[in-house]
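Labels run A, B and C following the written order; every chain starts at residue 1.
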Amino acid sequence: MTFDFLEMVLFAILAIAIVGAGAAVVLVGRITSAALFMAFTFLCMAGMFLLLGAETIAAFQVLIYVGAITVLILYGVMFTPQGSRDYGLFFQKQTPWAIVFVAFLAVPVMVFASSFQDGRPLARGGDLVPLATSLFGDFAYPFEVASVLLLAALVGAIVLVKRDDEEIR
Amino acid sequence: MPIGPFGIDPGIWAPLRLLLAVALTLFLVLNGALLMIYLERKIQAIIQDRTGPHHVGPFGLLQTFADAIKLLSKEDVRAKATDKAFFLMAPMIVFSPMVASFVVLPFAPDFVGADLNIGLLYLTTLGSMAVLGIVIAGWASNNKYSLIGGLRSAGQLISYEVPQILSLVTVVLVVGSLSMVDITRSQAGPFVNFLVLPFAFVGYFIAALAETNRTPFDLPEAESELVAGYLTEYSGMRWGTFLALTEYGEVTVVCSIMTTLWFGGWQGPGVDALPALGIVWFTLKVYVFVLAFMWVRATLPRMRIDQLMDFCWKVLIPMALVNILATAVLLLAFPGNLWPIAIVNWALVAALVFALPALQKRRLRTFRERTRLSAA
Amino acid sequence: MPDYNLSYFYVFAFFVAAAIFITLLLGLARLIAPRKVTVEKARTYESGEEPVGQAWSRYPTHFYVFALLFVVFDVEVIFLFPWAVLFRTLGWYGLVEMVIFIAILVVGLYYAWRKKALNWY
C-alpha cells in the first residue's frame, strides 16, 4: 500500500468528516453538541494540515481552536438555555432562493478551482522555518496589525463585560 | 532502510516498534500511577509523622493494587440527569492527550517514540486539549457543584498555560530548536540549562503545579470545596481514570519536560558508553521532581481561586515576559555568551523569592494603616 | 531527519491505543462491578439536600473575560514559537517586531488590570 493511495483515502475520510461535522454543527438540536462538533471539525482540519505536511500549522490549529476558542464558545454557550431547537432549517421560504444563489456561485468557483496548478512541492514537515521567515520578513506589517486586532477584541470584551456587571448592580 | 536492531527484518521491526512503544507507554502510565500513589501516601505520612499504608504487603507496597481492584469493583453510579454521551466522553478526552505526550519524550539516545520537529509545541498542544475534557465533565454532570468546579478548574488551567508556554519559549530562545532530542543534546556535560535559565524553571515549576491540579493549586480537588468539583458525579473506575491515571500521568509528563529542558534529560556519567543507561538517569531525574511535587503538596496550604488567578496574571506572566525580552536582547547583544542571561535570570528568581513578599508585606501594612485610620 | 509520516502515525496510534485502553478498563469495571440502579442513586448530588432548579441559571461573566484573555495570549504565544526558533537568523529586526507585538498586548493586559477585569469577582 503506497503512501499516495493512503493519502487519498485519508483525504477522503477527513473531507467527509469535516463536511459532516460542519453540517452537524448547524443541524444538531442542542447547542453544546454543536460546539463540540465544531471542535471536531477543527481537529479534522488540523488533520488536513498534517496531510499537507504543515505540522506547525496543524499544532497551532489545535492549540488555538480546540484549546482556546472552543473553551471560549463553551463558556458563552453554557449560560444560555438548553432547550432543543427545532429543525427549521430545511423547507423554509428561502430555500429556492438559496439553491439559485449557490448554483450561481458554483460556476465561477469551479472555474477558479480548476485553474489551480500544482505548485512546487515542499518537503513534508519542514514548515516552521519558512513560516517564521515569511511571517517576520514579508508579512511583518500584517503581523503587527494582528496584535492591534487582538487588543481591540480584548478591550471590547472587557468593556462589554464591565457594562453588563454594572447593569446587574 | 538499514537492518533493524537485533538483525530483524525492518519490515517486521517497524510495526513491532510501534507496538512496543504503545505497550511500554501504557505500562508506564499504569504502573507509574500505582507507584506514585503509594509514594505520595508514604511521603505525606513521613512528613506528617505517621506511618502511612503498611498492612497490605511488605511496607504497604501492595496497597495501591488493592485500591485499584476496589475501584474496578465499585458500582458505576450515574445520576439520571447527566448527559450520557458527554459524561462518558470526558475521561477519554482528558486521558488520550496525556498518553500521546509520551511519543516525544526522550528517555535515552535513540529511545524516543517519534522525534517530532515540533516536539515542544506538540506537548503544549496536548496540554490545551485536556482543558476541553474538564469543561465537558463539569457540564455533563448537570450538577451545580460540578459546573462551577469545572469552570473554575478550566479557568485555572487555561490561565496557567500562558506562563508555562512563556517559560518554554525562553528555553527555545537559547537552544534554537523545538525538538526534544535537540534540546537534550544541546546541554553538554554539566552545563545544564538550569544554571542559565533558573527563572524559567521556577516559572514552569509553579505553572506545572497549577496545570496538574496539585497543591497549592488543587482547588478543584479539595474535599472541603464544592465537594469534588467536576468529579462529583463520577464514581469507580471513571473517577480512577480522571484522578489517578490522568493526574499522575500528567505529573510524569510535566516532570519529564522539566528534566529534558532544564536538567539535560538522559545525560549523565556513562551514557556515551552505554546508551541504555540514559533511561536510568532520565527516570532518576524525573522522580526527583515527582518527589518535589509531593513534598510541596505535604507542605503548602491551598490557594484561593482569586489569589491563584492574581498570581498568574499579575506576577507570573509579566515576569515571564520580562524574562523573554531580557533573554532575547542579551542573546543578540552578547552572542555566544550566556553569562548575562544567567545573571538576569537569577536576579529574577531573587526578585520572586525576596522582593515579592517584601512588596506584599508593605502593601498589607499600608492597607491596615488606612483601614485603621478610616475606622478611627 | 526522522520520517514525517511515521512520526504522525505514531501520534495517531497512541491516541487510538489510549482510547482502546480506557474502553477496556471501563469494560473490565463493568464486568466486575455490581449494577443496582435505585431512585436514590440516580439523583444528582447536592450534599444530601434535594437538588433545586436546573444547573444552568445565570452565572457571573468573569469566566468569559479570562477565557478571552487566554485566547489573546495564546495567539501571542503562537507567534512567539516560530520567532524563538529562528531568533538568531531574524536578528535585531525580528526582535523589534516582537517587542512591538508584545508591548501592544501588554497594554491590553494593563488595561484589564486597571479596569479590575482581572479580579475573580
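The rule is short, and it goes like this: a contact is a pair of C-beta atoms (placed from the backbone, for glycine too) under 8 Å apart; a residue touches a chain by one contact, two chains touch by 3 or more.
Note that the structure is predicted; figures quoted are calculated from it, not measured.
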item: Chain nearest the overall C-alpha centroid of the shown protein atoms; value: C
item: Chain pair with more C-beta contacts, A-B versus A-C; value: A-C
item: Gap in Å, rounded to a whole number, between the CA centres of chain C and chain B; value: 14
item: Between chain A and chain C, centroid-to-centroid distance (C-alpha), Å; value: 18
item: Gap in Å, rounded to a whole number, between the CA centres of chain B and chain A; value: 30
item: Overlap residues in chain B, where contacts from two or more other chains coincide; value: 116-117, 121-122, 128, 147, 151, 158, 161, 178
item: Per-residue overlap in chain A, given as positions that touch at least 2 other chains; value: 55-56, 60, 63, 67-68, 71, 75, 78, 125, 128
item: Residues of chain C whose C-beta touches two or more other chains; value: 7-8, 56, 59, 63, 67, 69-70, 74, 81, 85, 98, 112
item: Chain A contact footprint on chain C (complex, rising order); value: 1, 4-5, 7-8, 56, 58-59, 61-65, 67-72, 74-76, 78-79, 81-83, 85-86, 89-90, 93-94, 97-98, 100-101, 104-105, 107-108, 111-112, 115, 117
item: Complex contact set, residues of chain B against chain A; value: 86, 116-118, 121-122, 124-125, 128-129, 131-132, 135-136, 139, 147, 151, 154, 158, 161, 178
item: Complex interface listing, chain B residues touching chain C; value: 14, 18, 21-22, 25-26, 71-82, 91-92, 95-100, 102-103, 113-117, 121-122, 128, 141-148, 151, 155, 158-159, 161-162, 165-166, 169, 172-173, 176-178, 227, 232-233, 236-238, 241, 305-306, 309-310, 313-314, 317-318, 321, 324-325, 328-329, 331-332, 335
item: Chain C - residues contacting chain B, complex; value: 2, 6-11, 13-15, 17-19, 21-22, 25-26, 28-30, 32-36, 41-47, 51, 55-56, 59, 63, 66-67, 69-70, 73-74, 77, 80-81, 84-85, 87-88, 91-92, 95, 98-99, 102, 106, 109, 112-113, 118-121
item: Footprint of chain C on chain A - complex, ascending; value: 3, 50, 53, 55-56, 60, 63-64, 67-69, 71-72, 75-76, 78-79, 81-82, 124-125, 128-129, 131-133, 135-136, 140, 143-144, 146-148, 150-151, 153-155, 157-158, 161-162, 164-165
